[in-house]
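Dropping a structure here in structure tokens format, bear with me for questions.
By letter and in written order, the chains are A, B, C and D; residue numbering begins at 1 in each of them.
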Amino acid sequence: MTISLAAQINSVLAALILLTAFGLLVQRRIYGLLHLFAWQGLFLSISTAVVGFVAEKHHLYISSLLTLTLKVIVLPYILHVLIMRLKIHKEIETVVNVPTTMLIGIALVIFSYSLTSPIRDLSTHVTKSTIAVALATVLLGLLMMITRRHAVTQIIGFLSMENGLFFAATSATYGMPLVVELGVGLDILIAAFIFGIFFFHINTAFDTLDVEQMARLKEED
Amino acid sequence: MSVAIPYILDGLQIIILLFAAPAFAGWVKTLKCWFQGRTTAGVLQPYRDLMKLLHKDIVLAENASWIFRFTPYVVFGSVVLAGGIIPILSIDLPLSATADIIALVALFTIARFFTALAGMDIGTAFGGMGSSREKTIASMAEPAMLMAIFTVSLVCKSTSLSQMVQVLAHGEFILRPSLAFALLSFVLIALAETGRIPVDNPATHLELTMIHEGMILEYSGRHLALIEWAGMMKLFLFATLGIAAFFPWGIAAANDFPALFIAALSLIIKLFIAGVSLVVIETGLAKMRLFRVPEFLGSAFLFATLGMLSYFMLE
Amino acid sequence: MTILTLLGVSFIGALILAFVGDRKFAPEINIVCSFATFVASIVLALRVYHDGPFVAGREFFFIDAFSVYLVVLTAFVSMTTTIFSKPYMRREREHGRVGHWGMRFYHAMFQLFIFAMFLCLLTNNVGVLWIAMELATLATVLLVSLYKTPTAIEAAWKYFILCGVGIALALFGTVLLYFAAEKVLGEGGEALLWTNLSQVSGQLEPTVLRLAFVFLMVGYGTKVGLVPLHNWLPDAHSEGPTPISAVLSGLLLNIALYALVRCKVLVDGSLGTHLAGNIMMGFGLLSILVASFSMLRQKDIKRMFAYSSIEHMGIATFAFGLGGPIATFGALLHMLVHSLTKSSIFFTVGHASQMHDTQEMSKIRGLIRGNPLVGWGLMLGVMAIVGMPPFGVFTSEFLILTATMKDAPLMTPFLLLGLGVAFAALLRRVQPMVSGHIPSWQHPLKASHVPVILHMVLILVIGLYMPDFLSRWFHMAVELLK
Amino acid sequence: MTATPFTLASASLFIIFSALALVPLLFRNQRVLIMAVFSLTAISSLLSLIAGIWTVRDGITESYIILLGLPDLPFHMRLDPLSGFFLTVIGALGFIVSVYSIGYVRGFIAQRPVTSLVFFYSLLLAGMFMVVLADDAFFFLISWEVMAASSYFLVMFEDERTENRRAAFLYLVIAHVGAIAILLSFGLMAGFATGFESFNGYTFDAMRKMDIPSSWAAVAFFLAFLGFAAKAGVIPLHVWLPDADSVAPSNAAALMSGVMLKTAIYGILRVTFDLIRVFPWWWGAVILVFGLITALIGILFAILQQDLKRLLAYSSMENIGIILIGTGMAMVFTSFNMTALSALALIAALYHTLNHAMFKGLLFMGAGAVHHATHERNMEGMGGLIHRMPWTAALFLIGSVSISALPPFNGFVSEWLTFQAFLLSPALPNPLLNLLIPLAAAILALTAALAATCFVKAFGITFLGRWRGNHDTPIHEVDGFMKTGMGLAAAMCLFLGVLPTFVIDWMDIVPERFLGGKLAASAGEFGWMWLTPISYTRASYSGPVVLLGITAIVALVYIILHARSTTIHRVPLWGCGFEKITPRMQYTGTAFSMPIRRIFGFLFSVRERIEVDAEHGQRAFPKRVYYSLKIRDRLWNWLYQPVTDASFWIARQVGRLQQGRIQMYLIYPFITIIILLVLLR
């Protein structure tokens, strides 16, 4: 596989990741969100593997394996168990209606593209074109957290931001040193456990997972 | 021997003050009677009143404190001391270095301070009212008085009276508008300070109108004599102060005999004129309501400040 | 070797306490662990003090004057906090506000949190710095929701989400930093090592560094609690148990600022302009003004002191942004005395709220008469935190304000306004609490004397007589940050 | 150790700190604590008094470095004639009030523990000594705010009363904002002294050698003036003074009003004449105007007060105004470098500082004695105390006579010198000043006269007449310590009034060292008894002759009149024949000041309410009449109320930032990132 072919595959995968990010933004049903998130994790791990192969960086294989297990298998399973246990109703209302969110999303992609232009013309890596996509995924994840009212969707937004960051790491610098990769993975795993525990607490205290209820601590009176 | 002459002269001046003051007061009363068509009790009536009071017993309130009994002496002492300082006959007096005009005004303030306290000591409403009104008027009259005198002192570049007389009388004569303003305001202030008609009626017995009388209501016997005598001396001193500050031409420069004689003569003539002008003012005007007095004193204050400003601008 | 003991003791402590957290002797283990780490940190400090900064563990750890002073401070304050938490948590346990699992979780997470902070300070690798910061956040998230009340859970959730987002942005900044460093230092782990980065910061690519600094600033800025990224801080610091608030306010903010200043040194090296400083000054000033005005309307005692932490972190950030030897010296001193004073205040606040079973300031009265240590401790603590002279905070504010008056005189009216309003706000609330007769609903309490007295004496000593070694220590750190 | 003034001063500081250390040991036994600590503070004040007198007499200047503070910014201490003079003032009143306090504080033992009062009293004294000795910005500000904090706790002594808390809070906020202003001004001067590479820019020596452009010098000066004005109670920042001094325990109030305000004057003198030294004339004019307004407003408020200690606090404002007038004149003359005239003006200001410390301390101690005996602060409820408390009454009278500037006593000397400074003004080349000075003289004369009215009222209503209070409380004279304290202060008032030439000769080194002008030569030239500033032909005043003259004449008249024995009959009071005069019919304080209130009413916001409660609504036959008078400071709702409302409004707007919904919180970092990235394109 020549370098240019790998680059093409990588950019296809980047496009797919961006697609799933947009999908997450607009998807109403919670199971749909779960599946989209799993797909995004899969594309990310494949792209890491491809980059690892192209740049002969063997530690990337471990990192892609880590992403595969974590983002595609473990996290979706945890979320699936929680959703079943907490009997979350399927329909998710968004704070801002879908068309405007899409518009903002597109604006963010353009913004991140123009923003990462200096990095692109500096970077010698084959994957320099995908940095803009990585930044866009991060910002879209943030946008998703802002526009969603449900705790689970916020967590999925947070995790998709992490995916964006991992993707940025691989595309900008052929992946961070292994120690850092492992550390970040470990943190995400702990974060997963924590938000699981949180879901139970919130459910018992507020007996709903709607974030709008949680607005007691304010100083506007 | 020649050293002692100024001291003797100063003693003589105090004695003249002591005995001339009742005469001047008597003279003013008799003039007033003539102007109002009443038969006079004669110029010597004040002497007779004082002698009578000195011999009578004292009737004192139960709760009168030592301040009430001590005040007449302080008032008398401060006024006599002031008399020793003002150059009535000659300017070469040993005591004249003791106080300049500001200190002189302050001596009169001591008298008023203690009289006001005595007024409040007995605890009657009239005493309190007299003290309150007296101090209110005093606190507006005193600044105007100081301003009038400041104008004169700015003209003569000194605040000690003998120096001012020296500059005005024996220096070359210049017509100064600032002095005219100062004189006008000084006359208004003198009326207020000595408690004459437009501000306070010295001869009244209607409690609600009297200010100075209100404070000394409870006095009797020799205490009342001392206070009455001090009042008369204060009137006499204000007249001589006015003469010394504004018409000093007769006052002797050195202590030789002929100059003193001329000084005495000019003093008598000036006092005569002063008495007549005072009575003309008193019979011409009626006593003002208490809350008209601030405007009266305000205008005096205005004249004095105008005098000072004109000094800077014109001279 | 000492580094390993430092990290090891706290990690193993966390593991042990995970199992025996609820036993009688659990607090004692907690204290012993912290005391051990404190001794280790002293040894470390002496070594750095004598033979300068050194690298250990095959370049994984790096300690210089700037990081070791924070290590000692962290160890000391965590030790005194464990001493304070013994009676406090026992009372919470008796009143049933914390269960069996809660106690075990509390002690374990406390030690893990200390471990994470030490890792942050000691590591040489900027990536590991990020991971340790994330670990510290995660450790304290559940501690904030220990009481399981709705508001506590809400505060913890906001803390988790907002800090998570902030830290993610910081990761992106680190990636950009790594990208720029890779150009100069080549592939592999060396590019992220702080020792290499600081030497080579002159050749790093300015445009990329500028972008990286923006992300790092917003990321770590969220952790420092600078306005407008501060919204999580008042909730998190006021809902958790008081020892946690003390440690959060006192230490975690310092470490976030430490990370931010490390990045600023790199960015200054490559950019050459005063850009990073100006951004930090902007954020600092905004924090001072917003925090001091919002203190005016607080009703909850811990929320008020959380806002005071935001204000003081704003002052420190402003001073670091200002740069120059005196301002940096002042900023370092300010971080030290602020964490000492704030943790001592939180100790007294903890006792005060336990005495009245509420955090409502309107219900807390007659503290001096009720419990002289808590009353005078709180009063003198507040006197210290608002910058009244005999205490250390005045010294640092004196240096910072005079430096500002020289270099940026136009900023001083805002500083004057901020400090004045903060002073009035704090005093207005604390004065009625401290004075007056004992209210009927106040019940007596045996307060832990040692930490409060220890902290106040230290601040007084630093305020009146700065020991020579401490000032030389700061000068070494100032050389690094120039 | 060779005995130099500085060793004495440091010994006195050492004694005070040992007294502070003593407090935790002795606080179990309150009586022993009071006796021990207050005698130690008395001794230390005495030592400082001697050190101060010695320094000024010989014009010694010593400076030392103490290894406290930052290693490269240790505490610099310096004792020069200016600080020596203020050390004398503080030491003198410190000694007197400490003696007084032994008796006064004993009265509190029954009510509450006095440990905090004793501790913070000595800390206040120590703070004041250190402020005067400080020679670098760091040590100066530390002692400045130690002084502020200790007086805060003194005002908070009876902390269960809300007015104490309110007064203490207001005081500390204004003092702290003032202190920050001073800090900024020192920062500016330090900046111009040596640039900012090293720490030694903060010492006053470095600041003396700074070359500061005149625009920055103006900023530095007016910042410092704002700070010191906040502590001195100058007009816009004066609201704390009456509240704080009226609720504080009287011995603390005596120290605070008597000397603590003077440390602010010391600050102004140190900054203008020692650090900046060269300044345009309009600075002096601004200080003069501030002094005038403060004096006039201060005394007008004093007259209207019903609470004795509030009256004294407001009158402190007036005297501070007079001192500022003297300082302003000195600055004006210095800017036109007329050294002799500026020496006269400065001596007038310094002399009045010393006088005010003495008679205000005396009056506050008197008020404390009255409060101690009657537990009553409102003058309307007192009266006739002269019969039960003769000693306090006599000493309070001496205080009132001195403060009303009547000749034999000290108040007159300093006001007379200030008037002389005015009268010598026509020599100024600037026409505007020549017009401003007469108006200033007029206002000063008005305040002097109003002061006399105010203290006639204060003394008359409290001590003379009959007891107005409805219940007959057992009032007894105060104990020995309090009487000795007040007696010492009264003796000082007389001494300073009668022998001004010696005092001026003693303190002449200060204007000579800082302004280059001397006054003593001309002041005592006509003889030690006569005070003749500039030249004896211009003006002369002799305290001793006035005293001797009056006493001689009074004695003479007394002897002559008592030659014949006339009996004195004691009868119930006459009152123009009205029989049943009750004590309620006496003139009250409000009535006494009613004319003044009517005339100067436009200056205050006065709320008078008269309610008549008559049977079935016929106003003509009132059963009971309620009269209430509320006088508020207009400045409160022009300046302070808007400031508080504005800050609370801003706080509400800022509160909207924290409105609870997590989505809003997430938007903030999002927008911050976008803005920063766009800005740094």
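Observations, loosely collected:
Note that a residue touches a chain if its C-beta (ideal position, glycine included) is under 8 Å from a C-beta of that chain, and two chains touch if they have at least 3 such contacts.
Since we're looking at a predicted model, the values are computed, not measured.
By number of C-beta pairs in contact, the leading pair of chains is B-D.
Seen from the Cα centre of subunit D, the chain whose own Cα centre is farthest off is A.
As a whole-number value, the distance joining the C-alpha centres of subunit A and subunit D reads 70 Å. Centroids of subunit A and subunit B (each the mean of its C-alpha atoms) stand 101 Å apart.
Note: centroid distance subunit A to subunit C, computed from Cα atoms, is 31 Å. Per-chain Cα centroids separate subunit B from subunit D by 36 Å. Looking at subunit C, one finds that residues 157-158, 161, 165, 169, 211, 234, 294, 297 touch two or more other chains.
For subunit B, residues touching at least two other chains: there are none. The residues of subunit D that reach two or more other chains are 655, 658, 662, 666, 669, 677, listed in rising order.
Which chains touch which is summed up as A-C, A-D, B-D, C-D. Taken together, the subunit A residues at the contact with subunit C in this complex read 115, 118-119, 122-123, 135, 138, 142, 145, 151, 154, 158, 161-162, 165, 168-169, 172-174, 176-177, 179-180, 183-184, 186-187, 190-191, 194-195, 197-198, 201-202, 204-206, 211, 214-217, 219. The touching residues of subunit C, counted against subunit A in their complex, run 125, 127-128, 130-131, 134-135, 138, 141-142, 145, 148-151, 153-158, 160-161, 164-165, 168-169, 171-172, 174-176, 178-179, 182-183, 187-189, 192, 205, 207-208, 211, 234-235, 239, 294, 297-298. Residues 67-72, 137-138, 141-146, 148-149, 156, 159-160, 165, 168-169, 172-173, 176-177, 180-181, 183-184, 186-188, 190-191, 195-197, 199, 202, 647-648, 650-652, 654-655, 657-658, 662, 664-666, 668-669, 671-673, 676-677, 680 of subunit D are the ones that touch subunit C when the two sit in their complex. Here subunit B touches subunit D in the complex through residues 54-67, 73-74, 76-78, 80-81, 84, 95, 97-100, 102-103, 106-107, 109-110, 113, 116-117, 120-129, 131-133, 135-136, 138-143, 146-147, 150, 153-154, 157-160, 163, 207, 217-218, 221-222, 226, 290-291, 294, 301, 304-305, 308-309, 312, going by the rule given at the top.
Contact residues on subunit D toward subunit B in their complex (touch as defined above): 383-384, 386-387, 393, 397, 401, 404-407, 412, 416, 419-420, 422-423, 426, 431, 434-435, 438-439, 441-443, 445-446, 448-450, 452-453, 456-457, 459-461, 464-466, 526, 530, 532, 536-542, 545-546, 549-551, 553-554, 557-558, 561, 564, 566-576, 581, 583, 585-587, 591-596, 598-599.
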